[in-house]
Amino acid sequence: MRRLNKDVIGALTVLAVLALAPLAAQSDYVTGILTVSLIFGIWAVSWDFMSGLSGRENFGHALFIGAGAYTAAFVDGKFDLSPWWGLPAGALVAVLFSLIVGFPTLRLRGPYFALAMLAAATIMQRLMRIFWQYTGGEEGIPGLDPLFDEPLSTYYFCLGALALVTAALLALARSSWGTILRAIRGDEAACQAAGINVTFYKIASLVISAACAGTGGALYADYQQAVTPDVFAVALSITIIIMVYVGGMGSIYGPMGGAIVLALLPEVLRGLGEYRLWVYSVILMFILFFSPDGLVAPLWRRLRGAP
Amino acid sequence: MTALLKVERVTKRFGGLVAVRDVSFELRPGEIAGILGPNGAGKTTLFNLLTGFIALDLGTVEFEGGSLAGLAPHRIVNRGLARTFQLCRPFRGMSVFENVVVGCLAPRVRRAGGTEARARRILDQVGLAAKAAVPVDALSYGDLRRLEIARALATNPKLLLLDEPFAGLGSSEIEPLSALIRRLHAEEGLTILIIEHKLREFMQLVQRVIAMDFGEVIAIGPPAEIVRHPRVVEAYIGRTEAPLGIA
Amino acid sequence: MFNILVYGAVTSAIYAMLAVGFTLIFGVARILNLAHGAFYGLGAYAAYVMTGPLHWPLPLAAVAAVLLVAGFGAAMERVLVRPLRQSALAVLMITLAVALIFEQGMFLLFGSEARNVPAFVTDTWTYSGLDISGQRLLTLAVGVLVLCLLYLFIQKTRAGAAILAISQDPEGAQYMGIPANRLYSLVMALSAGIAATAGVLTAPFLTVQPTMDLLPMVKAFAIVIVGGLGSIPGSILAALLLGYSETVVAYTVSPAWTEIVSLIAVLLTLILRPAGLLGKRAAF
């Protein structure tokens, strides 16, 4: 029980800091950057739930992000509906993609699943360029209506979304669902021999991960008020994986911290915008050699004290 | 008494090699039987066929009157047929307790509730209660074997298939494990089928032996008879393995 | 029709060079080297630096570039990969980091505009109405030569036999006294060198810019998956298949679709036959 209290206090503290940050900064620019970092948080947490727990690394998470983003763009831009419809629609289409790609690929082992997802995401990126009459090609679809007129409102909405997603996935991860996913990571065959329907859990976890990522994608489209094929890019998938690594794979809350830190880092180290990937790579190397369990989660565990 | 498990004319080919040929036998509820055979006799392949990890080419497998053909491994487990693996396969990165809990999450057992209490009870039964919080990566091989059995037990099986449970164990570890298996048989009323290729462990444990060689069943009978059966003796002496070692 | 034959062959040769190195290091050392594209890019950039600012003669620059990248590959294996070998994911991530650092590094040093590297052969030949640049033909010729040399090396030399042994059974080979670690460095050097050769040869007619490592990486991946991870003949076969398919698609449908060809091939292979055309295992 004591551990639960410390976790709750930690969570509320982080929530409070995030809630007050834009007010302290008093700048639309900063609020915007913080909003993006929150969305990265949603993406990182959703990746960690599926891949971090089960060990089935997914190198094409951008597939779900892009699906959500483009769906939101279509809903708003092409079908002229309220952008609010974009959120559930984006999640739904992302789920559809996860089912289409997930069923044939989840039975593949290790790197093959990762590469299949990467291929799928890259195919979608190319297709967006090829069918430019419908998708706007390289320029994408601009001029979308935002969910809110006030950047601050957008920020708090995203914060709420992030908090919700993190809490929900954390609860699932701590429940028997999480135990099963970790067992799948340990040994799939033995898991089957223990009577668990491994296929169901793998697919269901991918679906959940996709739904969250797709929603994040829709939020991103709304925030940018535009969508381009880069939303399917390999670089995005890999950035998210690096964020999860920094946060601490498998902890769910760690990746949230990792995402926010890495998304804000280029701004903090002013003028580093173009060097972003470089900085990430160096950080990644550092972590791989000196702190293979990541930074955020181990740090929190040490702060909190061993249970 | 109707058979718990009825295996009829089961055959499996891998390319040109016939790993299991025309194997038939029955298991009565509550008995401990053993499958004996030298390396390469097809014993583990047979287990894999019975438990759904490999598909049958020919033949039928009936458990409690229902066919197991084409069922996925986890469904077979939920019918009441559990197995252990020849090389221990624990869930790495998790504790002993969590390993057993996974077995308790099988739908067959989970519905009844009380997952954690059940896991603790099973750890007690196999003698691992003191090590519940230990990560499996730190366990000795003898303890890993107990864990394998505990996890299979967690699914509340009617029939337990043990694949070479004594392999890799030192002499001091074999007797306690043998005693555990006997205790489980008596206390839980389990039907048990053991694969072994070392006869000494068999003799005290099983009531009936199914001897295999080159994928075929060559003899079925009580241990004392099997040991003297000409084809069984030939299967063992005819190879460079150590003799049967009956003192 | 003749276009397709020739251009398909050139493309296949380039792909084969990229893929063979990649599959070699995987088959032997089980390393999924995400920096492989960077080796290709480094070869091209090294050639650029040596022929441009340094004014070295082209043949010298070419050889030096290849050797330099080969050395870099061996060093990367020794310093960055070897300490992390227990975790396949860590190795993946570190090679990824190297690839990213390459991209950023080249961007910082040389900017994002494409750079020029002079061609070995500046003539073009005309045959049945088609102009083929000599450089492309040279690439084809060198590609075939390199593959033959590699084959001979593996089949006929002691080091080659040792490499085969390690790829089949790493532990057993070590019991036989084969120094696995040194061989891994050697294989990485070979892999990097071959990729760099492709980079040096194609630099004159393909773009030299910081992001040049991505596409070859994706192609190498695709070919290796389709051919079978760890199988050199598989890679060559797949390189031919994909090289020609892409060329055919480029001529008959549209160049925009060519990249999708390999990606779809990868997806189909992974779904229908994960081991690839000639691969031996369907997973790690």
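Which chain is which? They are A, B and C, in the order written, and residues in each are numbered from 1.
Please note the rule applied: a contact is a pair of C-beta atoms (placed from the backbone, for glycine too) under 8 Å apart; a residue touches a chain by one contact, two chains touch by 3 or more.
From a predicted model like this one, the values you see are computed outputs, not experimental measurements.
Note on connectivity: the fewest chain-to-chain touch steps from chain A to chain C number 1. Chain A has its Cα centroid nearest to the centroid of all protein Cα atoms in the structure.
Comparing the CA-atom centres of all chains against that of chain A, the greatest distance is found for B. Note on chain placement: the centre of chain A and the centre of chain C lie 32 Å apart, centres being C-alpha means.
Chain centres here are Cα averages; for chain B and chain C they lie 49 Å apart. Here the spacing of chain A and chain B, counted between their Cα centres, is 43 Å.
Those residues of chain A that touch chain C in the complex are listed here as 57, 104-105, 108-112, 115-116, 119-120, 122-123, 126-127, 129-130, 234, 238, 241-242, 245, 274-275, 277-278, 280-282, 284-285, 288-289, 292. Interface residues of chain A, counted against chain B in their complex, comprise 176, 179-180, 182-183, 185-187, 189-199. Contact residues on chain C toward chain A in their complex (touch as defined above): 32, 80, 83-84, 87-90, 92-94, 96-98, 100-101, 103-105, 107-108, 214, 218, 221-222, 225, 256-257, 259-260, 263-264, 266-267, 270-271, 274, 282-284. Of all residues in chain B, only 51, 53, 72-75, 77-78, 82-85, 89-94, 98-99, 101-103, 105-109, 115, 151-152, 154-155 touch chain A in the complex they form.
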